[in-house]
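Pasting the structures here.
Shared between the two complexes below is chain A, which pairs with chain B and chain C, respectively.
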Partner chain A sequence: MIALLKRVGASVLVLGVVLVLNFFLFRIMPGDPLTSIVDPRFSPEAKAQLAAQWGLDRPMSEQFAVYIREMLSFRFGLSMMTGAPVWDELKTRVPNTVALLLPALILSTALGLSLGVKAALARGSIVERVVLLSGAVSFSFPSFFVQLILLLCFGYVWQVFPLRGTTSIPPPEGPLAILDYVWHIAMPLFSLVIMGFGGLALYIRNLMVKSLGEDYVLMARARGLPHGRVVWNHAFRSILPPVLTIFLLSLPGVVSGAVITETVFSLNGAGRFLLEATNSHDYPAAGAAFFLLALLTVVCNLLADLCYVIVDPRVRREGSRG
Partner chain B sequence: MRRNLSAILLLVLLLLALLGPGAFGLNDGAQAPPFSKPSWLDGAIASTIVLDAMANGNSNSATAPLAWEHSAPIRVSVSGRLESGEIRWATPSGDFMLANTPGEVDLDARDIPFKRSLGISPFDSAPNILFPTRGEYALSLTGTGEVTMRIEGGRWGLLGTDHRGRDIAALFVRGIRVSLIVGIAATFIATLLGLSFGLLSGYAGGLTDALIMRAVDVLLSIPTLPILMVVTGIWGKGLWNLVVILSVFSWMGTARTVRAMTLSLRDAPWVEGLRALGARRNYILFRHLVPEALPLLLANVALGVPGAILSEAGLAFLGLSDPRVPSWGRMLHEAHTFGAFTNGAWWMILPPGLGICLICLIFMDIGRKLEERADPRLAQAARSGALKEAEV
Partner chain C sequence: MSVMRDAVAIELKNLSVTYRGGEGGRTVHAVRDCSFSVARGDVLGIVGESGSGKSSVLMAIPRLLPASALVTGGIFCDGTEISSLDERGMGVWRWRRIALVPQSAMNSFTPHITIERHITEVLEHHMRTPRRDARERAEELLWTVRLDGSAGARYPHELSGGQKQRAALATALACGPDFLLADEPTTALDVITQKEVLDMTVSLVRERGMGLLLVTHDLPLAAGICDSLVVMREGAIVESGPSQQVASNPENDYTKLLIGAIRDMERPRGLEETPARKTRG
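Right, the complex of A and B next:
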């Protein structure tokens, strides 16, 4: 229980840092946040009115209080470009990001796990070579390059998948709409999975090779336990904590990858929203998108952390990560 | 040879980066029609073809024949002077009258009046009409005057051209610089930061240690790319801004490694001995602990470079880099934004992308070798094959 509370506390701390960073990044920076929307020809009164509209004329402490309230209530204030509440725009986009990220995370983890274990069991086989290669690729190939190649092959040359967007124009009706969505999201998802599983598979393979050589595995075999039980309950079980650690460390990268993926495939997600907002200097919108992406990471992080408590008995007992 | 392949490749890249595209007679201004294919590809004419037809008082007509063996060219223009008569363009499937009023002739296939005079819509491609098939063509002049037809093919240079007609090969060579500068400088600064924070954290212990390690944990669990996007969006997209930002957000791993190392060395008997001899803290840190950590740090730098290069390329791909400085990420950004896909221009995508992969693989290989040298146990493990990539 203490361990659990500690994890939650750490997540809250991360969110707090993100909130503070988010606030000060936009306010301590050189230049007035209003410069992007204010024309130099505007009269001082018009400028003051605009400043009042976004609350930029209040003292810093009051601005901070308002900002925290807006962030925690998920309203995020008004967009500087449209003047509309940021959340109205964002709420249609966040589901797209989640629909891309969650399946990608689950599929690449499953693939990485099974291939990594298989590679460790069958040294020198094709599976192992695939794992070694995909590991190297995932560390040295830019994901957007791989995605551009996929787009060029499947979108332009063979025209199997659409070049951009999440729905056809005009959008189809009824059950076809879901199929259409899946068809649009298939290639981005596929690219995220093939770029994502390599690192994990390589890591698991290395740990498993070591773990399979341990005495307790030999002992389990000597006791005549079935092969599957030796592999999964004895060898694999013991490497779970470090695997979870590497999984945790890779989560922020996955979210970063989603931003790029959304841009390559022109998906209307939170990442692309962040890019558009940054490009048009729409600070409240950019701040909100950044906060949501960070929140997504922290929530995934927390979930994985909870698994950590379940997986590692030492943590359960002592409440520390050893 | 094979052992030092990556070092040799790195030297080649360094040389290319130092010399720049100018040394090879490559120019990164606009060179040829946009989206020209590499010149070694088939299917289009390699370079510009010029057809001349001149008729003066002696002969009342002139013809310039052309045997055409390619798909339609990208640009066609006709210029000259017509005193009387008319200019015609004969194709295997029919004749076109190009001009019949005396005066200066200046036609370009991109001009809308010219397209209208050919009887096609302004949105159609005039070269496709003027060059429908393979076969015998002729530019003929009846009357007096002189006329020149320029046919610009769809092939140019070693790697073709981009959407602005710039030479991809020149841009590619120019882009090496950015990747190398950003990759090495950012990792170097990040390693320095990591070294100092790691030493401080490991040697001071207590509250300082707790604070620094908490900061590391927090920074490690915030997605970096969104922060980088926000910061470059606000601070500006300059190259050195990028270096500073990248290094501020990538020192955490090194700090952890150095801290662990310092912790294990702090209470080692020989360090205790030094302390007993009256050695000051700074002396122990900088004369003994840092040299101890240096080989591993060097390997860390090399292994960190791919990450920095990939981050830079990612930001540039999102359009968050200086538009005046060609870099590989920027080239991919432009390919993605300015219609490499609608033109099937794979030559705009492959060279910069493969360049990034190559430079990352080189640094990873060098890093791994340095690491093996710093920690011979790793090399032994690699040789015996038991633990080949354990430290990735």
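Right, the complex of A and C next:
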């Protein structure tokens, strides 16, 4: 319990540091919102008025206090690009990001896991070689490259999927709207699955090969237990703590990777909003996006620690003694 | 001491084990043309130096050799040729009829599973014992090998080497098998615990009328507890017979060498036989 409280305390500290860095990093970047968002033909008076409206004319300490208050209250202030509350902007975009990332994560994890275990069980076979090769390809290629190739093939040459966006123009109504949505996110989703399963498949295959060679797995076979129970209850269960940890620690990377996918496929998601906010020096929007990413990272780290304790009874036992 | 003898036996006929792609890709003939049998109620020791093929013989019986092993010849149990069964078919024989006490109990228990669960798992699977009854039976078995009730709730890493070896014995006895295969079951233990665990194993085996196949490199130790011995060298049987006969009147030079080597090792340094002692002897 004390160890857990310590971890929570450390996580809060990390978030505090991120919060402070977030404020200063955007402000020391070259350029400012007045040059990147405001039309250069605006008069100096109009620019001064906008600066006052955005609070940029106030002392840095005052800006910092307002920033902290807005972040901690999860209101995040008003977006300089749109003039709307950042929270409202995120609320309209996050569902698109979740609709893309959640199934992608589930499918790539299921694929990586099953292929990794299958490869480990079929050592030396063609199945293992195919998994190793496809895993290495999936893991090595940059996502934007694969996504552009997919766009070229299935969006431009064969025109099976749309080139951009989350809906057709004009958007269809009724049940067709759902099908239209699925049709639009199918290719980005597919690209994320084929880019995401490889690393996990290779990692699980390596861990399973080691685990299947352990004496306790041989003894589980010697006890006449069914193949499935030997593989899943004895071999796989023993590698679950590192697998779960690596999965949870990869989550923030997947979310920040949405920036690339949403930009390539012109999807109206939170990732693309983050990129536009950063490019435009939209301090409140960029600050909110980076703060939420940091929060996700810290929460995933904490969850990884917690899950380790839950899935590894030895750690739980040691912990309860300590 | 009650010994129940009947026709149930493990019989090896011309068993050979060859490992393909060993060191430098060469083929290793680990076991050559071995034949012997052990009946229920018998305690048979297989002795030999490291690499003599004794563990390969033992692991070939429940078909637990690595995939690189090519096994020829026949292994029969209770008249059934188990060497021709597939993995599914072997599931019936493993543990229910033929249980194994491994060389190192240190790593033979799955780390995230309690000792009790290791026992209840086999009871539930093989004997269809309900979970609650299986837990009671597990506690009984742990008492049988002189482990207190709390040992069941512990994870393998929480037990000492000796406790783990006793827990391995309790797990092996769970389904009341006809045969126990013990592969150097006390190698990693200190001398006192070794004797304690071996004595317990043999006494439980004899009490229950089981057959025991004990693999060890310690010939005098095997001679002390086994009814008969099989001596192996470079994969082949060089001598076999009743324990006392093999130990006291060995016919084969290698058996003599093996007994001599162990005696030499047991003799304290600095007390080598002097000519005077030899004369007296």
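Operating definition for what follows: the second predicted complex is superposed on the first by the 246 of 322 C-alpha atoms of A that agree within 3 Å, B and C clash if a C-alpha of one lies under 4 Å from a C-alpha of the other, contacts with A are read in each partner's own complex, and residues count from 1 in each chain.
In the analysis below, a contact is a pair of C-beta atoms (placed from the backbone, for glycine too) under 8 Å apart; a residue touches a chain by one contact, two chains touch by 3 or more.
Note that the coordinates shown come from a computational prediction; the quantities given were computed from them, not determined experimentally.
Touching more residues of chain A than its counterpart among chain B and chain C is B.
Residue contacts after overlaying the shared chain place A:Phe290 against chain B, while chain C stays out of touching range. Once the two complexes are overlaid on the shared chain, A:Phe145 sits against chain B while remaining clear of chain C. Of the two partner chains placed by the overlay, neither chain B nor chain C lies in contact with A:Val12. Of the two partner chains placed by the overlay, only chain B lies in contact with A:Thr263; chain C stays clear of it.
After overlaying the two complexes on the shared chain, residue contacts for A:Leu132 are found with chain B alone; chain C is out of touch. By the document's definition of touching, of the two partners only chain B reaches A:Leu163; chain C does not.
Of the two partner chains placed by superposition, only chain C is touched by A:His227; chain B is not. Contact with chain B, but none with chain C, is seen for A:Val298 once the two complexes are overlaid on the shared chain.
Applying the stated touch rule to the two superposed structures, the chain B and chain C interfaces on chain A have no residue in common. Across the interface of their complex, chain C is touched by residues 214-227, 229, 233-234, 237-238, 312-314, 317 of chain A. Listed in rising order, the residues of chain C touching chain A in the complex are 62, 64, 87, 90-96, 99-100, 102, 104, 107-114, 121-122, 125-126, 155, 157-158, 171.
Within the complex formed with chain A, the residues of chain B that make contact are 214, 217-218, 220-227, 229-235, 306, 310, 313-314, 317-320, 329, 332, 335-336, 341-342, 344, 346, 349-350, 353, 356-357, 360-361, 364, 386-390, 392. Per the touch definition, chain A reaches chain B in the complex via residues 10, 13-14, 17-18, 21, 25-26, 29-31, 132, 135-136, 139-145, 148-149, 151-152, 155-157, 163, 199, 202-203, 206, 209-210, 213, 248-249, 251-253, 255-257, 259-260, 263-264, 271, 274-275, 278-279, 281, 283, 286-287, 289-290, 293-294, 297-298, 301.
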